[in-house]
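Take this structure, written in structure tokens, and hold onto it; I'll ask about it next.
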Amino acid sequence: MSRIDGRTAEELRPVTIERGWSKHAEGSVLVSFGDTRVLCTASLTEGVPRWRKGSGEGWVTAEYAMLPRSTNTRGDRESVRGRIGGRTHEISRLIGRSLRAVVDYKALGENTIVLDCDVLQADGGTRTAAITGAYVALADAVAWAQERKLIKSKAQPLSGGVSAVSVGIVDGTPMLDLRYEEDVRAQTDMNVVCTFDGRFVEVQGTAEGAPFAREELNGLLDLAVAGCAQLDGAQRTALGR
Amino acid sequence: MSRIDGRTAEELRPVTIERGWSKHAEGSVLVSFGDTRVLCTASLTEGVPRWRKGSGEGWVTAEYAMLPRSTNTRGDRESVRGRIGGRTHEISRLIGRSLRAVVDYKALGENTIVLDCDVLQADGGTRTAAITGAYVALADAVAWAQERKLIKSKAQPLSGGVSAVSVGIVDGTPMLDLRYEEDVRAQTDMNVVCTFDGRFVEVQGTAEGAPFAREELNGLLDLAVAGCAQLDGAQRTALGR
Amino acid sequence: MSRIDGRTAEELRPVTIERGWSKHAEGSVLVSFGDTRVLCTASLTEGVPRWRKGSGEGWVTAEYAMLPRSTNTRGDRESVRGRIGGRTHEISRLIGRSLRAVVDYKALGENTIVLDCDVLQADGGTRTAAITGAYVALADAVAWAQERKLIKSKAQPLSGGVSAVSVGIVDGTPMLDLRYEEDVRAQTDMNVVCTFDGRFVEVQGTAEGAPFAREELNGLLDLAVAGCAQLDGAQRTALGR
Amino acid sequence: MSRIDGRTAEELRPVTIERGWSKHAEGSVLVSFGDTRVLCTASLTEGVPRWRKGSGEGWVTAEYAMLPRSTNTRGDRESVRGRIGGRTHEISRLIGRSLRAVVDYKALGENTIVLDCDVLQADGGTRTAAITGAYVALADAVAWAQERKLIKSKAQPLSGGVSAVSVGIVDGTPMLDLRYEEDVRAQTDMNVVCTFDGRFVEVQGTAEGAPFAREELNGLLDLAVAGCAQLDGAQRTALGR
Amino acid sequence: MSRIDGRTAEELRPVTIERGWSKHAEGSVLVSFGDTRVLCTASLTEGVPRWRKGSGEGWVTAEYAMLPRSTNTRGDRESVRGRIGGRTHEISRLIGRSLRAVVDYKALGENTIVLDCDVLQADGGTRTAAITGAYVALADAVAWAQERKLIKSKAQPLSGGVSAVSVGIVDGTPMLDLRYEEDVRAQTDMNVVCTFDGRFVEVQGTAEGAPFAREELNGLLDLAVAGCAQLDGAQRTALGR
Amino acid sequence: MSRIDGRTAEELRPVTIERGWSKHAEGSVLVSFGDTRVLCTASLTEGVPRWRKGSGEGWVTAEYAMLPRSTNTRGDRESVRGRIGGRTHEISRLIGRSLRAVVDYKALGENTIVLDCDVLQADGGTRTAAITGAYVALADAVAWAQERKLIKSKAQPLSGGVSAVSVGIVDGTPMLDLRYEEDVRAQTDMNVVCTFDGRFVEVQGTAEGAPFAREELNGLLDLAVAGCAQLDGAQRTALGR
């Protein structure tokens, strides 16, 4: 059974990772998973939040947002509504946790890195594209700081790559990297964040329609692990490793 | 290896489900998982939100909150800060999705049920206790409405029970139903929501410390499914089924 | 003329004061005036707000809130609306002032005690129940701190008890401790806060319907003073004095 | 014992009530109690809030605010802080209740009157000056609407005047109409709202320092009733009755 | 062609500048341009915002607001809505910039002056009246601080006067100092802020209807410069120079 | 005297206007003025705000925002702070007014177009780039709606182009299209919005340092008009006219 865009169930959309997109940020990446496009910038500042001062350890956090017309119908700006919605909060927290999983705070030293992931165009998988792109921006910001001796530790602050992909059961078939139209029709929807060596950082599966069985979960995890391995390759290529 | 409170790794804390706790709500439950105590009320009103009017279908939603001194140190009230935090949003949405997984909107008819889950005392697992208790309050509200013919469908609005439990890897050992002290020390923390027949509604696993391998995930899921089966029993007992 | 629940006009509802309700708080009380149930916790922290630092004096403040379904119809959460309503503000301030009236700041030393009064179930008189219960929680928190030498003064930080009761003119008759249904029908509604020795801390009378004459005011005050004396007894019993 | 400004304990400050201060409002008054100056405008619009539609009854409400530099030291604007403080809420509600006590909603018909009381200069007693002035603005707005037949009832919408004054025990002496410096030093502070015939609409007494005894309360009420009688006279004079 | 109020196109409305309106503020002015009345207070405090500490330089800022019934129909309070509107922000910023243009920060020393401009009655030109009045209040606050040696510099903190006026093209004719009714009908609306010597601090012209040509702009600027010269005279007279 | 980037004082930075940047919006443009890059999307929906219903006329509005790391140092998100800043408000309003100046509401019919201008990278002149780009996005959205017969009028909804440019006096020299570094050093800063035929829609000049004389204003306007003429050409080229 072929998909809307002709992909097989196990296939990712075309992935591009464009580094150095912004002249201001210490690291910046325009990542695309098909038509989903996310601008990820890493802002490094010396110093850490008050609760971490004097610890010798750094901090990494993330903020996610969508431009109002990144989607098919225009959404209200959260700044205009005066409050951040639950979904935005949830995704910002997910991105932050995912990246922190590969950070060695001691090696980072008392520096703070904020990852801003702004969705310029959305077509499903914005959070997974954001994590995948933000890792590359983070790596660039770390390298930038190492060059300038803001990071002095000999240990590497990043223990390896982290990437993410969505999987879901659409019309009874497990599929990798859902587009928006597939996402809407999925009975089960799962976002999986993996490290470079195929271990899990986050596994978030939700039954949108009917509850899912253990075997279905297993099938989805297999797809996701394979997808993340490919994304890890794309990150390495982008970083010239 | 025994736990702080003498439980084995596969053991739940004592669970109590006290129905009819409030004289006002259509359904109300004081649920406790050990020292975690959550007051769950179900408020049923005729009618549905605007976007659903005329559909013949009902709606179920949830709000979660913690009393300021439900925790070891007092937290600021979200009403005083003027905004709801990301964690609160995330959990409210999780509870709502979990309960909606067992609701037949057609059978519910154009009625809305709001589940309020207020944590009176917290000791780990507040969201899983909330889901488990809220299901019982929901069942009571549905029965209340059926008696009064507000729900007229012959089909049952609830397709079966839903319950939730936390699992995690603490000091290298997978454990069921974490207390706060265990939760803090867990390398991996997972919340699992199951239907009465052991299928999954939500699986949310997070590597707090090190990423987790596939076998670890499997071990945690085994524990969680067994825990939810016991909670399903407790719900049935409480409901006199 | 007998009342809905068979009480005489001068009679309080059954009052219970359950200490030690929460394992986390330094003082905690579940107080009930009939079906009105308020959870009062006292949180003591060392130190005082900035404007009081170095004064050698402590501070006591209070926050009042209602659970959304503590009432007959569900109310919106103030955290969700993003602002605290006028009534909540007014009552929080009243509780704080009432308790501060019996506090010797010098003897308390540079400690801060926050009283959280959360209404779990409402049936009239929530603010008066809150004050009456909060005093007991406050006394427990003070004793807790004295044991731990956080309060070092030999002088007692509390000069004696404080309690509160509502009175009102219902169908022309002055009545003590109004239930919700009576409160709604009252032409005049008054909340009175008294010290253990029958002096006034607060007197707040409002003509809901017709203005009230001096003799009516006097009759209400007589009722209230007698009611507070009984509540003072209940507090002493609870505290084992 | 004479007061800072030479008054006796039973004496009001000079009171002025200047009608027609604004060309836009249906009723407007600049009221002063000594150096306290409050601009009260009454805005009448046809129609009532949604919850009152079709009832044939009107509605009256009030909003109180202070200009930032109406006080000795500049206060932050509540619009800038993004939230209304508890004191503002409390006073707005008090003014609204006080005026509603003399309104016959049926006679008013489905019209809404909003009283805005903005303190231009504060020197104690701003809420009592506001109530006293707002009544006159309200009377003017009612007359304006009667002339234009927006109010058609033959019954008078206002049952008589309402005025307010502060009293307090300063240095052991009960005093009428406290200035700011006296207010700060008062052990007991009370605001009393009376109708033209000396009955009470609101009695709000607070022990700022020591609790107060029944006789003290009685002394204060005597002073307040006498003060309100004088204010009632000033209102009549202003209205040319 | 004569105007609604009989003025010629080049004529200002009657301007009054009443100093010392408030007993609390260091400088205070009630300014009127015809029926537009703005209360301007200058609050001087020692010290500067954090970002300016230790610079030896002062700071001047402004806040503008309208009383709810200063206009023909009542507007909601921004404090009640919980956010400041765009127009308020824009005007507050304009007033602040205009006054800062004549301030020598070094000569002011580390003092902060806040200008509060509260519109008591609006009839067009509130922002220009505010700037014109605020300058006088500012001058008074500076003199007050010089007398008290809070400002120690021998240099004058104010380099000369600043005033503002509106101009616009109404029914094809350029006119000075528009009233509300004229403002509403203007095709082009311009606010011009000038120093005492006829140079520009701000020029803000907006085509409300049709775009305007260079000659029209020139005509409006001529009118405005002449108007500001008259306002400069009124300021000098008020200040007794 | 040559500028940082080698331009003459009368020269624009390289301008690019890339249409069709987003697949979702009815019109979308990525505009750049040198390193300043703004994504402008036009969202057309049928219907108009409530206050305009039944008028047969359309509406056009705009929202401006900056990505947090579009600038040299990261700024807080306005959604996180919970309120929109004054500068954002001011620019959003300016963009909306500028575009409305060339819109024929009757010809547009009851359709609403929202222009979102999100700054991806900032280097001075973000508001002028936004207006210039938004006009092209607006033209595309209008054409889109004409093709689909959502706009039925034979009259053209847009009366001609509108563009904007900044000018300023830097080190005594009037310069066109300021970069950030020049903007910071400018004594006078002016934004000018012109129609295709060189008439003015907005003229906003501000003395950042010293007030400016009439001749200086004239010099700046000459520069701006010439700059807008070039931008008008770039818009025509982009639109293939």
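Couple of notes before you dig in:
All chains are identified by letter, namely A, B, C, D, E and F, in their written order; residue positions are counted from 1 within each chain.
Convention: a contact is a pair of C-beta atoms (placed from the backbone, for glycine too) under 8 Å apart; a residue touches a chain by one contact, two chains touch by 3 or more.
Keep in mind it's a predicted model, so treat the numbers as computed, not measured.
Listed by label, the chains touching subunit C and subunit D alike form an empty list. Taking the mean of C-alpha positions as each chain's centre, the chain lying farthest from the centre of subunit C is F.
Interface repeat of C-D: among B-C, A-F or E-F, over half of the contact pairs recur, by residue number, only in E-F.
Comparing the residue numbers each copy contributes, subunit B and subunit C share more than half of them at their mutual interface.
Farthest chain from subunit A (centres taken as the mean of C-alpha atoms): D. Computed from the mean C-alpha positions, the centre of subunit B lies at a distance of 50 Å from the centre of subunit F. Chain contacts: subunit C has residues 82-84 touching two or more partner chains.
Residue ranges on subunit B touching subunit C, taken from their complex, read 22-25, 28, 35, 39, 41, 43, 45, 63, 65, 67-74, 77-80, 82-84, 88, 114, 116, 118, 120-123. Listing the residues of subunit F that touch subunit E in their complex gives 83-87, 89-90, 92-93, 97, 101, 190, 194-195, 198-207, 210-214, 217, 221, 225.
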